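Next up, some structures in structure tokens.
Common to both upcoming complexes is chain A, partnered first by chain B, then by chain C.
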Partner chain A sequence: MRFLAEEKLEALLHLLAKSSSLWTPTAIEDAAGTVTFEPWKPGTAPVLDRFTTLSAKELLLPATEKLFSFTYSLSEGEESVEIEPEGQTGETILFGARACDAKAIKVLDALFMQPAGEAYGDDQYRRRRLDLTVITIACTTCDAACFCSSFENGPAEKSGSDVFLYPVEGGWIAEGITDRGGDLIGGDSFTDSGIDPPELVVTRSVDIAGLQEKLPEIFANIDFWQEATAKCLSCGYCTYTCPTCYCFNIFDEMRSDREGERLRGWDACIFNLYTRETSGHNPRPTIAKRYRNRIGHKFSYYPANQGETLCTGCGRCIRGCPAGLDIRDVLTGVKEL
Partner chain B sequence: MTTIARTGMKATNPLVPEPATVSEVIIETGNIRTVRLTFDDTETMKNFTFLPGQIGQLGILGAGESTFAISSPPSQKEYFQFSVMKTGVVTSAIHELAEGDRVSVRAPMGCAFPTDDWKGKNIIVAGGGIGMAPLRSLVMYLLDHRADYGELTLVYGARTPEDLCFEADRDVWEQRDDVNFISTIDNVCSGWDGCVGLVPSILEDTAPSPDNSVAITCGPPVMIKFTLQSLERMGFREEQIYTTLERRMKCGIGLCGRCNVGAKYVCTDGPVFSLADIRDMPDEL
Partner chain C sequence: MTDIIEAMDRILKDTDFVLGWTLDEDTGVAEPARFHSSEQAAQAVLDSTCVHNLAVHLPRLKESTVGIVAKGCDARSIVQLIVEGAVERERVKVIGVTCAAGMLDVKAIWRRHGYGARIDDTGDSLSVGGDRVDRNEYLMGKCRDCGAAAPVIHDELIEMSGPGRDSAPTSSGGSNDTTPDGTLALKQRFDAMPAAGRRAFWREQFSRCIRCYACREACPMCFCRDVCTMQTTDPHWAGGDTNARESEMVQLVRVNHLAGRCTGCGECERACPVGIPLMLLLGEQNNIIEEMFDYRAGTDLEAKSPLLTFDIKNDSWGGG
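Then we have the complex of A and B:
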């Protein structure tokens, strides 16, 4: 174990920002007290006493990103089109993630890091992921929405993290999880330490065992889903703040009459238009059916296909839902059927 | 589940399409056109392989892309084609295409009909309207490998004679004596001296034996529904019946999320499924 003293933090951030794009939890000056991961600016202190409103998934799956640009040109009466894929990304460091955020990256890796050719994976995700270092702050406190203890390892989950920082008096105990993390804490900002890491928090826990099999079994119980989702507004807050919701849309935008871009942006299975076909047919026409798919995807389909539960218990969907819908109540309801 | 190897997808970013050029546009019906395409890159065109039932994303850069079945057979190396019904933004743009226009293509995607497993069997194909698109590729593939299969029965129906696609192919199928080809329209109309009746009832009248047979159907949902009922009445088991599913798709490679039916993704696990596969899925079609 190593130790990072509080007064060394700013120097460390300066050092990290020299060679990488460094993202830290940053307070947005708004009435809601929003905290998001933003590129670090010298002189600003990372917000480490509160959860971020948005997850860190934007570092790997930006809310909107260019897939490629295209240019039509006319030469000697013949039209041609040039496609220019998006270029390389650089080294990125995420400082101040929580164990649930880091675990979410590991969970997404199962789908997006599949090798190209056999399954498909995602080229742009892969490039960003290989260049990403995650420095996680271990949780010694929680709030009423947290439920990471429902999952194996809970707040002590280390997958997805390169460095684990345990808050202690005067600084952080640092544990290197990966080789990359070990190298990072080998630097001069850190000193050797014999202090034991503190006890981590225990959050509320929901019994998720057996949901993978149970959810398909109760699929046809539409009365349950209608009652469970009666409050849902289909607004998409839960999906946008979720660290593991990854659904996306692909669309074109023209920049001039000859040039344009194909973009992709976050989408959400809770939206009516997401699955509605041109004919008007929609396989998931109601909120109940869409929410059922969201829960099914997270706790049954993704586990069946990728071997990971598509939820890490971060609680963002509970903390911010404008209708007060609590996914834990829905999961408990499924268990009790 | 039907497990069929996905073939042909390049190892580079599968979300980035290849430019292609329209070599020919065929007006099939009042609202269906076939666009024949060649990849601009000669190596890509030379190496382009697929199997019947596989799909592709045809796009017009600036308008967007949509998913369609490849309606040409793998043996056609000069071009490949999509047959497109005009319904929305992208398909309307596709209907504006003329020879020489540039498009974007990502293909092939998805799983093909398990034609290797069908060797030695009798094949019954029942298509309706634009649903004939993937079946045209299949029928032409079966004719290319005619000796590998038993009796071939093909029923193709549409509302009116003007709604039947693939006129030139229909003429060829009529002529061949190794295909039992029946084209049918919904109602009697002047100038049509062929078969009249809905595909499921014509199929039952034709009464191909379920013994050592597989049946493949594709068409409007209501036609598929009644064709499946007819096939079951005729003694076909779920494992002997195949269809292709449609869903709204964006990525085509199992990432963007929208085409799942339970844990299965139509774009990568399908679009070809046996009726046995479909019965195992949650009821969300």
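Then we have the complex of A and C:
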């Protein structure tokens, strides 16, 4: 184990920002206490005592990203379309993620990091992922929305992290999780340490065992879903702040009459438009059916297909839901059926 | 709580269910719920954490006859929905609540004290996580200068217990400047900004918009919802990029579409995950509408929204 002293933090951030794009939890001005991961600016202290409102998924799946640009031309009767792929991204370091944020990356990897050419392998994701280093702050406290202890390893989950920092008096005990993380904490900002890491927090826990089988069994119990989601507004708060929700839409935006860009942007299965077909038919016309899909995808279909639960218990959807809907109550309701 | 439970019981006889609040055991604050029976109604609560504007559900419940518990400010939304034909008066039974001392900005409290920090409001004193705090500091912005405590529409009327107001509850509408906790100073700063500064301010704010549409979905008056012009592909009014320019377009169109319709409930701002102070814009616009047309949305069942009656041939304020 190594040790990072509090007073060495700023120097470390300077060092990291030299060679990489460095993102830290940042308090946003004039935004009612909002904290989000933002590119670090010298002189700003990372906010480490509150949860970020948005997850870090935008580092891998930006809210909108260009897939390629295209130009249409017509010359001597010949039509042609030129396509220019999106360029490379550089090294990125995420400082101040939580174990649930880092785990979420591993959960998304199960899908997007599949080998190129396989069903879901995604080149843009892969490029960003391979360039990403995650420095996680271990949780010694939590709030009433946290429920990572529902999942194997809970707050001690280290997958997705390169470095694990345990808060202790005067700084952090640093553990290298990957080779990349080991190299990072081998640097001069860190010193050797014999201090034991502190006890991690135990959050509230929801029993998720058996949900994978149970959810398809109760699929047709629409009365349950209607009752469970009666207060849902079908807004995108939960899905857009969720570190593992990855629904997307692909669309073209024209920049002139002959030039345009193909973009990929966040979408959400909780939206009516997500499944509305060109004919006007919508297989999930009601909020209950859409929310049922969200839960089914997270706790049954994704685990069955990708081997990971598509939820890490970060609690963002609970903290911010304008309607006060708590996913834990829904899951408990499913178990009790 | 006997008043609300009894009122709900009576209203249940004429309705399919009642929209109200129950206690969330985990956090000790009110959460929205549907009440179908007397048995369920016994679980109804009414306190200073009933922040949600339940009127947002009404346009979606056209097939049912619905009871709804509505604070004075929520009742304005119901009136405006009826005025615009989005809700039929006959299909909604209103349990009006005369608000006592306003609603607490639960979101702001928890951002400061941690989600779920115990809120204990005895009416006389307020404490959060065991520490006594100043109520004024934790009130919803819209409650600071409320002129809508008495519901303009109701089939039952009950009074919320709590410390008395300085003045008798009115239903005139109060201030349009419904800026929640922490943004009062922002409001003053914003008012002092020159136009160019305001533009830059909003560009910066809208650059954070992630287009989750929580503002729209939480708004009782945004009942276009799934056919919102900001998401149509043909015509393609707004681009899908989440950059400041496109998001500004989306947000300003929404705000403009609420001209003369916004009842100032502040739900858009409460729902916003990235804390965009939307009520700064909407409050300002509500002021302008009032100045121009002497109209406050949702205060009169017989009134017509000025922008729904505007006749270009009889333009009385200086245009063509």
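Keep this in mind: the second predicted complex is superposed on the first by the 334 of 337 C-alpha atoms of A that agree within 3 Å, B and C clash if a C-alpha of one lies under 4 Å from a C-alpha of the other, contacts with A are read in each partner's own complex, and residues count from 1 in each chain.
Please note the rule applied: a residue touches a chain if its C-beta (ideal position, glycine included) is under 8 Å from a C-beta of that chain, and two chains touch if they have at least 3 such contacts.
Keep in mind that what you see is a predicted model, and the values were worked out from it rather than measured.
Visitor: Now for A:251: first (chain B), second (chain C), both, or neither, which partner does it touch?
Guide: Touch partners of A:251: chain B and chain C.
Visitor: Based on the superposed arrangement, let me know which partner A:272 touches: chain B (first), chain C (second), both, or neither?
Guide: It touches chain C, and chain B stays clear.
Visitor: Let me test your reading of the model: by the given contact rule, A:284 touches which partner, first (chain B), second (chain C), both or neither?
Guide: A:284 sits against chain B, while chain C stays out of touch.
Visitor: On the A-aligned overlay, A:300 touches which partner chain: chain B = first, chain C = second, or both, or neither?
Guide: first
Visitor: Under the stated touch criterion, which partner chain does A:231 make contact with: chain B (first), chain C (second), both, or neither?
Guide: Only chain C; A:231 stays clear of chain B.
Visitor: Check whether A:70 is in contact with chain B, with chain C, with both or with neither, and answer first, second, both or neither.
Guide: first
Visitor: Is A:164 contacted by the first partner chain B, the second partner chain C, both or neither?
Guide: Neither chain B nor chain C is touched by A:164.
Visitor: Please identify the positions on chain A that touch both chain B and chain C, taking each partner from its own complex.
Guide: 249, 251, 276
Visitor: Which residues of chain A touch chain C in their complex?
Guide: Touching chain C from chain A are residues 28, 30-34, 36, 50-51, 53-54, 63-64, 143-145, 204, 227, 230-231, 233-237, 239-241, 249, 251, 253, 263, 265-266, 268, 271-273, 276, 315, 318-320, 322-324, 326.
Visitor: Please name which positions on chain A make contact with chain B in the complex.
Guide: 67-68, 70, 72, 78-83, 85, 111-112, 116-117, 119-120, 122-124, 216, 219-220, 246-252, 254, 260, 262, 264, 267, 269, 274-279, 281, 283-284, 289, 293, 296-297, 300-301, 304-305
Visitor: Chain A touches which residues of chain C in the complex?
Guide: Residues in contact with chain A: 24, 26-27, 29-34, 52, 56-57, 107-108, 110-112, 114-117, 180-183, 186, 201, 205, 208, 210-214, 216-218, 225-226, 231, 233, 239-243, 267, 269-271, 273-277.
Visitor: Can you check the complex and tell me which residues of chain B touch chain A?
Guide: By the definition above, chain B touches chain A via 9-19, 40, 59, 61-65, 87-88, 91, 100-102, 104, 221, 246-248, 250-251, 253-258, 260-263, 268, 282-285.
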